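For clarity, chains are labelled A, B, C and D in written order, and residue numbers in each chain start from 1.
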Amino acid sequence: MAWTWFHRLASPPHVYALAARLTPWFAWPAALLIAAGLWGGLVLAPPDYQQGDGFRILYVHAPSAWMSLMVYTTMAIAAAVGLIWRMKVAHAVAASCAPIGASFTFAALVTGALWGEPMWGTYWEWDPRMTSELVLLFLYLGYMGLRAGIEDTQRADRASALLAVVGVVNVPIIHYSVTWWNSLHQAPSVMRIGKPSMPAAMLAPLLLMLLGFTLLFVALLLVRLRGEVLARERAASWIREVVSG
Amino acid sequence: MPVEQLEVENLHLWRGERHVLRGLRFALARGACLEVCGANGSGKTTLLRTLCGLIYPEEGRVLWNGEDVQRDLRAFHAALAYLGHEPPLKADLTARENLHYWIGVRRRLGEEELSRALARVGASSWCGRRVRTLSAGQRRRVALAGLALLHVPLWLLDEPTTNLDGEGRELVGTLLSEQLGRGGMVIAAVHQGLPASVSPVTRLELAA
Amino acid sequence: MRAFFDMGGYAAFVWPAYAVTLVVVVLNIVWARRALARSLAEARRRLQMQGEAR
Amino acid sequence: MSSTGSPVTPLVAMVDSARLGGPHGLAEAMQPASALEAARLALLRDLQLAFRKRGQLLQPLAFFVMVALLFPLAVSPEPARLRELAPAVLWIGALLASLLALEFLFRDDAYDGTLEQYALSGQSLTSLMFAKTLAHWLLTGVPLALMAPVVAMSLGVVAAPALAGIVLAVGVGTVPLSLIGSIGAALTLGIKRSGTLLSLLTLPLSLPALIFGARATQLAIHGAPLLAPLELLGALAVLGITLAPIAAAAAVRISLE
């Protein structure tokens, strides 16, 4: 059967062992890439002709914002898989994602505000991006709140998974409506991230940081995933080996 | 026509850290009654809820006429009636209104038939009162009237005789015997045992 | 060196932004490891309880 | 439910045997209720219950009026400024009032076992959830829409077309609010003190309805054509009607596990 490899792959002991083995393969490259990106972004990249050295916030803001969206998408996909195929491991992935995503959404908001003050002259601007990001933070908080509210893990998994899926359907609608609303009240955004004319010396560190953060996410996910998988297994004998080892 | 039957294969279920159902298996044919016994917390209610598909078992299957009930839950639900600890009645509606809505959602129901069912459980004189003002035993009787009105082959009952007086317990016995006599099936979780008039009864003892 | 830390006059914004991100990254690493350690301890406790029950 | 499925056929046979040999001769052949019939009864049940407990029905309305009353006191009684604030007052009031009523949407049903019976009725739980949500809208959305012009008048909006526009905007806008709320209410079933969590779940998702609704209200007050935001609200309502009951039904099933 074509499904056997899939089931083997998704079996908790296999996932646990695989996650443990793979973690360093993501963690160390992530550390290297982020270090290189920092060096490139803070030292090598020339100052922006308009924003001077202030634009360097880009190198932490953009990866954080990217994380906030990517993690949410991952969470929603894992949640949908868990809901449809009743796969515990998928629920474990979704549950692992939430705190990571929420913290980076927070970072994106703070770094965005710190960038906004010198560029727009205000920490907070009701810009569609910032507003959507704030709503995203509330979606994460709602997800974690719902999980915390339900004692039974299985029910918490399924209820929060449903919420994640509902959220992912709503995110584009929310973003569209905020953009629509924003267009009524002010001129289009002053600033665009990722101008097409960005010189290579500026772009390269950004790409390094984006890739580094993505790998960091995978590494964090793998560590958390092991814990979540353990919490969902009850009488399995492989736990004895893991725990005593 | 296939013989109507309920079959349970290797059912495993955990609630929190407790392994409640451990590889349970049994089969129930038409006209058979299963009495599920066990101490409080031994998983009687959990078993009933798993059988009717509210709880998804971690392992094992429930088969109805040879088919996994999870494949077409709605068709399976149309063939069963489940009564929980508490009669599913609205305190602010009258007994009659309650049955009108509860049973009406599932099947067409004539006023006359409704009156007859209420009369059978001795509710004619008080079926116009709000359930809030009824005693626990009276509420139980209303629920029994609803059960009889559903006309479904499989009954899953959680403690059907609690709060009932001697006469009420006899009524349960009669209703159950009728259901079995018609080729229906009954699974009842009981603490004190079913009325003696119901037979044949198979006992299933759940260990705590 | 001083110019580097001064960030062309944007030091008050650039460095806090980097600091916040760094804190978030470090906290994530600490939290993830702590969550795993907690789950392991919990699994150990559960196994012990099962052992006693038998 | 189809009448040709295998579990149904023996069921008819059973009634036959009852007619022949049963001691009480249950003569009526059993006819399952259609999905529409079931949904109609679920709707009527909620409406009848609501009218039995009128106090609960009036609470959200009283809350709505209270919120509106607070604004002039907190800001200023100047009509021009109040008119400027009116869309915000109306929408935040309506949003919170609708949220307040949500807590009752499934709570009693979960408590007395009605929800369980719905889930086991053999009927589509989705259509039953839709009926319940419709009841919620009829019991909160419609009264709020009818109350909105009164509140608007207290905020200095007097032109008749503006008031009509407000009724329309609130009436249409509360549809998506009820639908989103039904998902949130179903998800938080079985959680103690779920009020705060319920608002944390539903408010972010209600944002689009709030934006379009407030805009439509604003345009109505200024006497401008409000079709564009109304259409967007309508689109939200349609999208919600198709998707939200499915999600609410799934959430109810999860809460019963």
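The rule we apply is simple: a residue touches a chain if its C-beta (ideal position, glycine included) is under 8 Å from a C-beta of that chain, and two chains touch if they have at least 3 such contacts.
Computed from a prediction, not measured in an experiment: that's the story for all the values here.
K.L.:
Give me the two chains with the most inter-chain contact pairs.
P.N.:
So the chains sharing the most C-beta contacts are B-D.
K.L.:
Taking the mean of all protein CA atoms as the centre, name the chain whose own CA mean is closest to it.
P.N.:
So the chain sitting closest to the middle is D.
K.L.:
Report the inter-chain centroid distance for chain A and chain B in whole angstrom, where each centroid is the mean of the CA atoms.
P.N.:
The mean C-alpha positions of chain A and chain B differ by 48 Å.
K.L.:
State, to the nearest whole Å, the distance from the C-alpha centre of chain C to the C-alpha centre of chain D.
P.N.:
Here chain C and chain D have centroids separated by 42 Å.
K.L.:
Based only on mean CA positions, could you tell me how far chain A sits from chain C in angstrom?
P.N.:
Chain centres of chain A and chain C, defined by C-alpha means, are spaced 15 Å apart.
K.L.:
Round to the nearest whole Å and give the separation of the Cα centres of chain B and chain D.
P.N.:
About 32 Å separates the centre of chain B from that of chain D.
K.L.:
Considering chain D alone, which of its residues make contact with at least two other chains?
P.N.:
In chain D, 257 touch at least two other chains.
K.L.:
Can you tell me which residues of chain B touch two or more of the remaining chains?
P.N.:
17, 56, in rising order.
K.L.:
Which positions in chain A touch two or more other chains at once?
P.N.:
Touching at least two other chains: 152, 234-235.
K.L.:
Check the chains against each other and report every pair that touches.
P.N.:
A-B, A-C, A-D, B-D
K.L.:
If you look only at chain A, which of its residues touch chain B in the complex?
P.N.:
Residues of chain A touching chain B: 86, 151-152, 234-235.
K.L.:
Give the list of chain B residues in touch with chain D in this complex.
P.N.:
Contact set of chain B toward chain D: 1-2, 4, 49, 52-56, 64-65, 67, 72, 74-80, 82, 84, 86-93, 97, 100-102, 104-108, 110, 113, 120, 151-153, 178, 181-184.
K.L.:
Within their complex, state which residues of chain B touch chain A.
P.N.:
Interface residues on the chain B side: 14-17, 19, 56.
K.L.:
Mind listing the chain A positions that touch chain D in their complex?
P.N.:
Answer in residue numbers: 83, 135, 138-139, 141-142, 145-146, 149-150, 152, 154-155, 158-159, 162-163, 165-167, 169-170, 173-174, 176-178, 180-181, 184.
K.L.:
Using the touch rule from the top, collect the residues of chain A that touch chain C in their complex.
P.N.:
Spelled out, the residues of chain A in touch with chain C are 34, 42-43, 47, 52-54, 56-57, 60-61, 63-64, 99-100, 103-104, 106-107, 110-111, 114-115, 117-118, 216, 220, 223-224, 226-228, 230-231, 233-235, 239-240, 242-243.
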